[in-house]
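Here it is, the structure, as C-alpha coordinates.
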(Lines give C-alpha, C1' and ligand atoms only; values in the text may rest on other atoms or scores of the structure.)
Protein backbone atom coordinates (compact mmCIF):
# COMPACT_ATOMS: atom_id res chain seq x y z
CA UNK A 1 0.00 0.00 0.00
CA UNK A 2 2.77 2.44 0.85
CA UNK A 3 4.38 1.77 -2.50
CA UNK A 4 1.06 2.42 -4.28
CA UNK A 5 0.56 5.65 -2.34
CA UNK A 6 4.01 6.88 -3.31
CA UNK A 7 3.43 6.07 -6.97
CA UNK A 8 0.12 7.94 -6.88
CA UNK A 9 1.81 11.03 -5.44
CA UNK A 10 4.33 11.01 -8.25
CA UNK A 11 1.65 10.30 -10.85
CA UNK A 12 -0.36 13.35 -9.75
CA UNK A 13 2.67 15.57 -9.37
CA UNK A 14 4.07 14.65 -12.82
CA UNK A 15 0.76 15.72 -14.37
CA UNK A 16 0.21 18.76 -12.16
CA UNK A 17 -3.03 17.23 -10.93
CA UNK A 18 -2.78 18.11 -7.23
CA UNK A 19 -4.96 21.14 -7.98
CA UNK A 20 -7.85 18.79 -8.89
CA UNK A 21 -7.28 16.35 -6.03
CA UNK A 22 -9.17 18.07 -3.24
CA UNK A 23 -10.81 15.56 -0.87
CA UNK A 24 -14.19 16.74 -2.17
CA UNK A 25 -13.30 15.94 -5.79
CA UNK A 26 -11.63 12.65 -4.87
CA UNK A 27 -14.74 11.56 -2.95
CA UNK A 28 -16.72 12.15 -6.16
CA UNK A 29 -14.25 10.20 -8.29
CA UNK A 30 -14.36 7.36 -5.77
CA UNK A 31 -18.17 7.19 -5.90
CA UNK A 32 -18.10 7.29 -9.71
CA UNK A 33 -15.73 4.33 -9.86
CA UNK A 34 -17.70 2.38 -7.24
CA UNK A 35 -20.80 2.86 -9.42
CA UNK A 36 -18.93 1.46 -12.42
CA UNK A 37 -18.59 -1.81 -10.51
CA UNK A 38 -22.29 -1.61 -9.66
CA UNK A 39 -23.07 -1.21 -13.36
CA UNK A 40 -21.40 -4.53 -14.17
CA UNK A 41 -23.61 -6.38 -11.68
CA UNK A 42 -26.90 -4.48 -11.90
CA UNK A 43 -28.85 -6.90 -14.11
CA UNK A 44 -27.18 -10.12 -12.94
CA UNK A 45 -28.74 -12.38 -10.35
CA UNK A 46 -26.67 -12.95 -7.22
CA UNK A 47 -25.95 -16.45 -8.51
CA UNK A 48 -24.72 -15.09 -11.84
CA UNK A 49 -22.55 -12.56 -10.00
CA UNK A 50 -20.79 -15.48 -8.29
CA UNK A 51 -20.05 -17.03 -11.70
CA UNK A 52 -19.03 -14.26 -14.07
CA UNK A 53 -17.14 -14.93 -17.29
CA UNK A 54 -13.52 -13.95 -17.87
CA UNK A 55 -14.39 -10.80 -19.80
CA UNK A 56 -16.63 -9.44 -17.03
CA UNK A 57 -14.04 -10.45 -14.44
CA UNK A 58 -11.39 -8.40 -16.25
CA UNK A 59 -13.69 -5.39 -16.31
CA UNK A 60 -14.53 -5.71 -12.61
CA UNK A 61 -10.83 -6.01 -11.80
CA UNK A 62 -10.09 -2.78 -13.64
CA UNK A 63 -12.86 -0.93 -11.81
CA UNK A 64 -11.71 -2.33 -8.47
CA UNK A 65 -8.26 -1.04 -9.36
CA UNK A 66 -9.73 2.42 -9.96
CA UNK A 67 -11.60 2.42 -6.66
CA UNK A 68 -8.42 1.36 -4.82
CA UNK A 69 -6.44 4.11 -6.53
CA UNK A 70 -8.86 6.89 -5.56
CA UNK A 71 -9.32 5.47 -2.07
CA UNK A 72 -5.57 5.42 -1.43
CA UNK A 73 -5.19 8.90 -2.89
CA UNK A 74 -8.04 10.33 -0.78
CA UNK A 75 -6.74 8.76 2.42
CA UNK A 76 -3.24 10.01 1.64
CA UNK A 77 -4.49 13.57 1.14
CA UNK A 78 -5.95 13.33 4.64
CA UNK A 79 -2.78 11.91 6.16
CA UNK A 80 -3.39 8.20 6.68
CA UNK A 81 -3.43 4.83 4.92
CA UNK A 82 -6.74 3.17 3.96
CA UNK A 83 -5.41 -0.14 5.28
CA UNK A 84 -4.86 1.37 8.71
CA UNK A 85 -8.41 2.79 8.57
CA UNK A 86 -9.79 -0.62 7.60
CA UNK A 87 -8.02 -2.38 10.45
CA UNK A 88 -9.36 0.08 13.00
CA UNK A 89 -12.87 -0.19 11.57
CA UNK A 90 -12.76 -3.97 11.60
CA UNK A 91 -12.02 -3.91 15.31
CA UNK A 92 -15.04 -1.70 15.91
CA UNK A 93 -17.21 -3.96 13.79
CA UNK A 94 -16.14 -6.97 15.86
CA UNK A 95 -17.58 -5.22 18.92
CA UNK A 96 -20.75 -4.11 17.17
CA UNK A 97 -21.45 -7.51 15.64
CA UNK A 98 -20.73 -10.27 18.16
CA UNK A 99 -20.89 -13.63 16.31
CA UNK A 100 -23.57 -15.09 18.56
CA UNK A 101 -25.95 -12.18 17.90
CA UNK A 102 -25.11 -11.53 14.26
CA UNK A 103 -25.00 -15.15 13.09
CA UNK A 104 -26.76 -15.53 9.74
CA UNK A 105 -28.46 -12.14 10.07
CA UNK A 106 -27.88 -9.22 7.72
CA UNK A 107 -29.14 -6.56 10.10
CA UNK A 108 -27.57 -3.31 11.19
CA UNK A 109 -26.03 -3.53 14.66
CA UNK A 110 -28.65 -1.11 16.00
CA UNK A 111 -31.31 -3.66 15.02
CA UNK A 112 -29.63 -6.77 16.42
CA UNK A 113 -31.48 -6.80 19.71
CA UNK A 114 -34.88 -6.75 18.06
CA UNK B 1 -3.59 -6.31 2.62
CA UNK B 2 -3.29 -10.10 2.80
CA UNK B 3 -3.70 -9.95 6.55
CA UNK B 4 -6.84 -7.80 6.18
CA UNK B 5 -8.28 -10.20 3.60
CA UNK B 6 -7.72 -13.18 5.91
CA UNK B 7 -9.37 -11.40 8.83
CA UNK B 8 -12.36 -10.54 6.65
CA UNK B 9 -12.77 -14.17 5.63
CA UNK B 10 -12.83 -15.23 9.26
CA UNK B 11 -15.14 -12.36 10.21
CA UNK B 12 -17.70 -13.45 7.59
CA UNK B 13 -17.35 -17.13 8.33
CA UNK B 14 -17.74 -16.65 12.13
CA UNK B 15 -21.05 -14.86 11.48
CA UNK B 16 -22.26 -17.15 8.69
CA UNK B 17 -22.36 -14.15 6.37
CA UNK B 18 -20.90 -15.76 3.22
CA UNK B 19 -24.51 -16.28 2.05
CA UNK B 20 -24.95 -12.48 1.88
CA UNK B 21 -21.55 -11.76 0.33
CA UNK B 22 -22.30 -12.33 -3.35
CA UNK B 23 -20.30 -9.96 -5.60
CA UNK B 24 -23.59 -8.26 -6.50
CA UNK B 25 -24.41 -7.49 -2.87
CA UNK B 26 -20.84 -6.47 -2.06
CA UNK B 27 -20.83 -4.04 -5.00
CA UNK B 28 -23.92 -2.43 -3.46
CA UNK B 29 -22.36 -2.22 0.00
CA UNK B 30 -19.24 -0.68 -1.52
CA UNK B 31 -21.26 2.00 -3.32
CA UNK B 32 -23.24 2.73 -0.14
CA UNK B 33 -20.05 3.29 1.85
CA UNK B 34 -18.47 5.41 -0.90
CA UNK B 35 -21.59 7.62 -0.77
CA UNK B 36 -21.18 8.04 2.98
CA UNK B 37 -17.83 9.71 2.28
CA UNK B 38 -19.55 11.85 -0.35
CA UNK B 39 -22.11 12.90 2.24
CA UNK B 40 -19.40 14.32 4.50
CA UNK B 41 -18.09 16.56 1.70
CA UNK B 42 -21.27 17.46 -0.21
CA UNK B 43 -21.83 20.96 1.17
CA UNK B 44 -18.17 21.87 1.76
CA UNK B 45 -16.19 23.95 -0.69
CA UNK B 46 -13.08 22.29 -2.11
CA UNK B 47 -11.02 24.57 0.09
CA UNK B 48 -12.97 23.52 3.20
CA UNK B 49 -12.54 19.86 2.21
CA UNK B 50 -8.77 20.38 2.33
CA UNK B 51 -9.05 21.73 5.88
CA UNK B 52 -11.57 19.61 7.75
CA UNK B 53 -11.74 19.55 11.55
CA UNK B 54 -10.72 16.56 13.65
CA UNK B 55 -14.29 15.33 14.13
CA UNK B 56 -15.00 15.25 10.38
CA UNK B 57 -11.59 13.67 9.77
CA UNK B 58 -12.45 10.84 12.16
CA UNK B 59 -15.74 10.25 10.38
CA UNK B 60 -14.10 10.23 6.95
CA UNK B 61 -11.48 7.79 8.23
CA UNK B 62 -14.17 5.41 9.43
CA UNK B 63 -15.98 5.52 6.09
CA UNK B 64 -12.72 5.02 4.20
CA UNK B 65 -12.17 2.00 6.42
CA UNK B 66 -15.58 0.66 5.40
CA UNK B 67 -14.90 1.17 1.70
CA UNK B 68 -11.53 -0.60 2.03
CA UNK B 69 -13.18 -3.50 3.86
CA UNK B 70 -15.84 -4.09 1.19
CA UNK B 71 -13.36 -3.53 -1.62
CA UNK B 72 -10.97 -6.14 -0.22
CA UNK B 73 -13.84 -8.54 0.41
CA UNK B 74 -15.26 -8.12 -3.10
CA UNK B 75 -11.87 -8.59 -4.77
CA UNK B 76 -11.20 -11.64 -2.61
CA UNK B 77 -14.52 -13.23 -3.61
CA UNK B 78 -13.37 -12.85 -7.21
CA UNK B 79 -9.92 -14.28 -6.55
CA UNK B 80 -7.52 -11.36 -6.48
CA UNK B 81 -6.18 -8.55 -4.29
CA UNK B 82 -7.36 -4.95 -4.80
CA UNK B 83 -3.75 -3.78 -4.50
CA UNK B 84 -2.70 -5.97 -7.40
CA UNK B 85 -5.66 -4.60 -9.41
CA UNK B 86 -4.62 -1.02 -8.56
CA UNK B 87 -1.03 -1.58 -9.63
CA UNK B 88 -2.10 -3.00 -12.98
CA UNK B 89 -4.56 -0.15 -13.51
CA UNK B 90 -1.96 2.45 -12.64
CA UNK B 91 0.32 1.10 -15.38
CA UNK B 92 -2.50 1.41 -17.90
CA UNK B 93 -3.23 4.93 -16.74
CA UNK B 94 0.39 5.90 -17.24
CA UNK B 95 0.01 4.95 -20.92
CA UNK B 96 -3.35 6.66 -21.32
CA UNK B 97 -2.25 9.87 -19.65
CA UNK B 98 1.27 10.79 -20.77
CA UNK B 99 2.50 13.69 -18.57
CA UNK B 100 3.16 16.02 -21.47
CA UNK B 101 -0.41 15.69 -22.79
CA UNK B 102 -2.24 15.46 -19.48
CA UNK B 103 -0.37 18.21 -17.66
CA UNK B 104 -2.77 20.40 -15.70
CA UNK B 105 -5.78 19.08 -17.58
CA UNK B 106 -8.62 17.14 -15.99
CA UNK B 107 -9.88 15.56 -19.18
CA UNK B 108 -10.64 11.96 -20.00
CA UNK B 109 -7.86 10.33 -22.06
CA UNK B 110 -10.24 10.06 -25.03
CA UNK B 111 -10.46 13.87 -25.03
CA UNK B 112 -6.76 14.64 -24.64
CA UNK B 113 -6.08 15.19 -28.31
CA UNK B 114 -8.79 17.77 -28.68
CA UNK C 1 -43.58 18.76 -11.28
CA UNK C 2 -43.76 22.51 -11.91
CA UNK C 3 -45.43 22.99 -8.56
CA UNK C 4 -42.68 20.97 -6.84
CA UNK C 5 -39.98 22.99 -8.60
CA UNK C 6 -41.54 26.27 -7.47
CA UNK C 7 -41.80 25.06 -3.88
CA UNK C 8 -38.15 24.00 -3.95
CA UNK C 9 -37.07 27.43 -5.16
CA UNK C 10 -38.94 29.07 -2.30
CA UNK C 11 -37.61 26.49 0.18
CA UNK C 12 -34.01 27.27 -0.80
CA UNK C 13 -34.52 31.00 -0.96
CA UNK C 14 -36.25 31.15 2.47
CA UNK C 15 -33.20 29.45 3.98
CA UNK C 16 -30.57 31.30 1.95
CA UNK C 17 -29.38 27.98 0.56
CA UNK C 18 -28.85 28.98 -3.10
CA UNK C 19 -25.18 29.48 -2.23
CA UNK C 20 -24.87 25.73 -1.51
CA UNK C 21 -26.94 24.60 -4.49
CA UNK C 22 -24.32 24.60 -7.24
CA UNK C 23 -24.93 21.82 -9.77
CA UNK C 24 -21.74 20.15 -8.49
CA UNK C 25 -23.03 20.02 -4.91
CA UNK C 26 -26.52 18.97 -5.97
CA UNK C 27 -25.07 16.10 -8.03
CA UNK C 28 -23.35 14.91 -4.83
CA UNK C 29 -26.54 15.20 -2.77
CA UNK C 30 -28.43 13.29 -5.44
CA UNK C 31 -25.89 10.44 -5.42
CA UNK C 32 -25.96 10.33 -1.61
CA UNK C 33 -29.75 9.95 -1.57
CA UNK C 34 -29.69 7.34 -4.35
CA UNK C 35 -27.25 5.34 -2.22
CA UNK C 36 -29.62 5.52 0.74
CA UNK C 37 -32.15 3.60 -1.35
CA UNK C 38 -29.41 1.15 -2.28
CA UNK C 39 -28.68 0.64 1.41
CA UNK C 40 -32.23 -0.52 2.08
CA UNK C 41 -31.96 -3.24 -0.59
CA UNK C 42 -28.29 -4.28 -0.32
CA UNK C 43 -28.73 -7.49 1.69
CA UNK C 44 -32.17 -8.47 0.37
CA UNK C 45 -32.63 -11.00 -2.39
CA UNK C 46 -34.42 -9.74 -5.49
CA UNK C 47 -37.45 -11.74 -4.39
CA UNK C 48 -37.40 -10.09 -0.95
CA UNK C 49 -37.06 -6.67 -2.58
CA UNK C 50 -40.34 -7.35 -4.42
CA UNK C 51 -42.06 -8.09 -1.09
CA UNK C 52 -40.84 -5.57 1.47
CA UNK C 53 -42.71 -4.89 4.69
CA UNK C 54 -44.57 -1.64 5.40
CA UNK C 55 -41.74 -0.20 7.50
CA UNK C 56 -39.14 -0.68 4.75
CA UNK C 57 -41.62 0.62 2.18
CA UNK C 58 -42.04 3.83 4.15
CA UNK C 59 -38.28 4.28 4.34
CA UNK C 60 -37.82 3.67 0.62
CA UNK C 61 -40.61 6.15 -0.13
CA UNK C 62 -38.87 8.82 1.93
CA UNK C 63 -35.56 8.25 0.15
CA UNK C 64 -37.28 8.28 -3.25
CA UNK C 65 -38.78 11.61 -2.20
CA UNK C 66 -35.29 12.92 -1.43
CA UNK C 67 -33.90 11.77 -4.79
CA UNK C 68 -36.84 13.42 -6.59
CA UNK C 69 -36.28 16.65 -4.67
CA UNK C 70 -32.59 16.92 -5.55
CA UNK C 71 -33.20 15.80 -9.13
CA UNK C 72 -35.85 18.49 -9.67
CA UNK C 73 -33.64 21.08 -8.01
CA UNK C 74 -30.59 20.17 -10.09
CA UNK C 75 -32.54 20.20 -13.36
CA UNK C 76 -34.12 23.53 -12.43
CA UNK C 77 -30.70 25.08 -11.75
CA UNK C 78 -29.76 24.07 -15.28
CA UNK C 79 -32.96 25.43 -16.81
CA UNK C 80 -35.18 22.44 -17.56
CA UNK C 81 -37.61 19.97 -15.99
CA UNK C 82 -36.51 16.40 -15.20
CA UNK C 83 -39.78 15.12 -16.69
CA UNK C 84 -39.00 16.76 -20.00
CA UNK C 85 -35.50 15.21 -19.88
CA UNK C 86 -37.01 11.78 -19.13
CA UNK C 87 -39.44 11.99 -22.03
CA UNK C 88 -36.67 12.90 -24.49
CA UNK C 89 -34.46 10.12 -23.15
CA UNK C 90 -37.24 7.56 -23.39
CA UNK C 91 -37.62 8.35 -27.09
CA UNK C 92 -33.90 7.76 -27.64
CA UNK C 93 -34.07 4.52 -25.71
CA UNK C 94 -36.92 3.31 -27.90
CA UNK C 95 -34.60 3.66 -30.90
CA UNK C 96 -31.62 2.06 -29.16
CA UNK C 97 -33.59 -0.88 -27.85
CA UNK C 98 -36.02 -2.14 -30.51
CA UNK C 99 -38.37 -4.69 -28.88
CA UNK C 100 -37.50 -7.50 -31.28
CA UNK C 101 -33.76 -7.23 -30.49
CA UNK C 102 -33.98 -6.37 -26.81
CA UNK C 103 -36.67 -8.88 -25.84
CA UNK C 104 -35.79 -10.60 -22.58
CA UNK C 105 -32.17 -9.45 -22.75
CA UNK C 106 -30.52 -7.15 -20.21
CA UNK C 107 -27.69 -6.05 -22.47
CA UNK C 108 -26.43 -2.62 -23.33
CA UNK C 109 -27.57 -1.46 -26.77
CA UNK C 110 -23.98 -1.57 -28.02
CA UNK C 111 -23.98 -5.32 -27.29
CA UNK C 112 -27.35 -6.20 -28.82
CA UNK C 113 -26.00 -7.35 -32.15
CA UNK C 114 -23.63 -9.86 -30.58
CA UNK D 1 -45.52 11.96 -14.36
CA UNK D 2 -48.44 9.57 -14.73
CA UNK D 3 -47.98 9.59 -18.48
CA UNK D 4 -44.26 8.81 -18.07
CA UNK D 5 -45.03 5.97 -15.67
CA UNK D 6 -47.49 4.43 -18.12
CA UNK D 7 -44.99 4.67 -20.98
CA UNK D 8 -42.34 3.00 -18.83
CA UNK D 9 -44.67 0.11 -18.03
CA UNK D 10 -45.31 -0.45 -21.72
CA UNK D 11 -41.61 -0.05 -22.56
CA UNK D 12 -40.65 -2.79 -20.07
CA UNK D 13 -43.53 -5.06 -21.02
CA UNK D 14 -42.82 -4.79 -24.78
CA UNK D 15 -39.26 -5.93 -24.11
CA UNK D 16 -40.12 -8.57 -21.51
CA UNK D 17 -37.95 -6.69 -19.00
CA UNK D 18 -40.19 -6.97 -15.92
CA UNK D 19 -38.08 -9.96 -14.88
CA UNK D 20 -35.05 -7.65 -14.49
CA UNK D 21 -36.94 -4.81 -12.80
CA UNK D 22 -36.91 -5.96 -9.21
CA UNK D 23 -36.68 -3.02 -6.78
CA UNK D 24 -33.18 -4.24 -5.85
CA UNK D 25 -31.97 -4.08 -9.46
CA UNK D 26 -33.71 -0.77 -10.12
CA UNK D 27 -32.05 0.75 -7.04
CA UNK D 28 -28.69 -0.24 -8.56
CA UNK D 29 -29.56 1.22 -11.96
CA UNK D 30 -30.67 4.43 -10.27
CA UNK D 31 -27.38 4.75 -8.37
CA UNK D 32 -25.40 4.03 -11.55
CA UNK D 33 -27.18 6.82 -13.42
CA UNK D 34 -26.83 9.26 -10.52
CA UNK D 35 -23.08 8.57 -10.59
CA UNK D 36 -22.96 9.38 -14.30
CA UNK D 37 -24.13 12.89 -13.44
CA UNK D 38 -21.47 13.01 -10.73
CA UNK D 39 -18.84 12.06 -13.31
CA UNK D 40 -19.68 15.12 -15.42
CA UNK D 41 -19.06 17.44 -12.46
CA UNK D 42 -16.24 15.70 -10.58
CA UNK D 43 -13.31 17.82 -11.76
CA UNK D 44 -15.20 21.09 -12.21
CA UNK D 45 -15.16 23.81 -9.59
CA UNK D 46 -18.55 24.80 -8.21
CA UNK D 47 -18.29 27.99 -10.23
CA UNK D 48 -17.61 26.05 -13.42
CA UNK D 49 -20.54 23.75 -12.65
CA UNK D 50 -22.81 26.81 -12.64
CA UNK D 51 -21.55 27.76 -16.12
CA UNK D 52 -21.26 24.60 -18.18
CA UNK D 53 -21.10 24.66 -21.98
CA UNK D 54 -23.91 23.42 -24.22
CA UNK D 55 -22.28 20.05 -24.85
CA UNK D 56 -21.94 19.26 -21.13
CA UNK D 57 -25.47 20.56 -20.53
CA UNK D 58 -26.84 18.13 -23.11
CA UNK D 59 -25.00 15.25 -21.44
CA UNK D 60 -26.25 16.21 -17.98
CA UNK D 61 -29.79 16.46 -19.32
CA UNK D 62 -29.59 12.95 -20.73
CA UNK D 63 -28.32 11.55 -17.43
CA UNK D 64 -31.01 13.42 -15.49
CA UNK D 65 -33.50 11.84 -17.87
CA UNK D 66 -32.10 8.40 -17.02
CA UNK D 67 -32.30 9.03 -13.27
CA UNK D 68 -35.91 10.22 -13.63
CA UNK D 69 -36.79 7.13 -15.65
CA UNK D 70 -35.42 4.67 -13.10
CA UNK D 71 -36.82 6.67 -10.20
CA UNK D 72 -40.33 6.64 -11.68
CA UNK D 73 -40.03 2.95 -12.52
CA UNK D 74 -38.82 2.02 -9.03
CA UNK D 75 -41.56 4.04 -7.31
CA UNK D 76 -44.17 2.51 -9.63
CA UNK D 77 -43.00 -1.03 -8.79
CA UNK D 78 -43.61 -0.15 -5.15
CA UNK D 79 -47.03 1.35 -5.82
CA UNK D 80 -46.62 5.12 -5.65
CA UNK D 81 -45.49 8.17 -7.64
CA UNK D 82 -42.10 9.80 -6.95
CA UNK D 83 -43.78 13.21 -7.10
CA UNK D 84 -46.15 12.26 -4.30
CA UNK D 85 -43.14 11.00 -2.28
CA UNK D 86 -41.29 14.27 -2.91
CA UNK D 87 -44.21 16.38 -1.77
CA UNK D 88 -44.57 14.44 1.46
CA UNK D 89 -40.84 14.63 2.09
CA UNK D 90 -40.75 18.36 1.44
CA UNK D 91 -43.37 18.88 4.15
CA UNK D 92 -41.25 16.93 6.61
CA UNK D 93 -38.18 18.92 5.65
CA UNK D 94 -40.03 22.17 6.28
CA UNK D 95 -40.54 21.02 9.89
CA UNK D 96 -36.98 19.79 10.31
CA UNK D 97 -35.41 22.91 8.85
CA UNK D 98 -37.23 26.01 10.10
CA UNK D 99 -35.96 29.02 8.10
CA UNK D 100 -34.83 30.97 11.17
CA UNK D 101 -32.61 28.10 12.36
CA UNK D 102 -31.41 26.83 9.00
CA UNK D 103 -30.70 30.20 7.39
CA UNK D 104 -27.42 30.10 5.49
CA UNK D 105 -26.31 26.90 7.22
CA UNK D 106 -25.69 23.62 5.43
CA UNK D 107 -26.02 21.44 8.51
CA UNK D 108 -28.08 18.34 9.12
CA UNK D 109 -31.22 19.05 11.14
CA UNK D 110 -29.82 17.01 14.04
CA UNK D 111 -26.95 19.51 14.24
CA UNK D 112 -28.96 22.73 14.00
CA UNK D 113 -29.15 23.38 17.72
CA UNK D 114 -25.40 23.25 18.15
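In this document, chain identifiers A, B, C and D correspond to the written order of the chains, with residue numbering beginning at 1 in each.
Keep in mind that, in the parts below, a residue touches a chain if its C-beta (ideal position, glycine included) is under 8 Å from a C-beta of that chain, and two chains touch if they have at least 3 such contacts.
The structure displayed is predicted, hence computed values, not measured ones.
Contact tally for A-B versus B-C: the pair with more C-beta pairs in contact is A-B.
Looking at which positions face the partner, chain B and chain D present mostly the same ones, since more than half of the interface numbers are shared.
We define each chain's centre as the mean of its Cα atoms; on that basis chain B and chain C are separated by 24 Å. Each chain gets a centre from the mean of its Cα atoms; for chain A and chain B, those two points are 3 Å apart. Counting only residues that touch two or more partner chains, chain C has 20, 25, 27-28, 31, 34-35, 38, 41, 43, 45-46, 106.
Judged by the touch criterion defined above, the protein chains are all mutually in contact, each touching every other. Contact residues on chain B toward chain A in their complex (touch as defined above): 1, 4, 7-8, 11, 14-17, 19-20, 22-25, 27-28, 30-31, 34-35, 37-38, 40-41, 44-50, 52, 57, 60-62, 64-69, 71-72, 74-75, 77-78, 80, 82-83, 85-90, 92-94, 97, 99, 102-104, 106. Those residues of chain B whose C-beta lies close enough to touch chain C in the complex are 20, 25, 28-29, 31-32, 34-36, 38-39, 41-43.
Within the complex formed with chain C, the residues of chain A that make contact are 27-28, 31, 35, 43, 45-46, 106.
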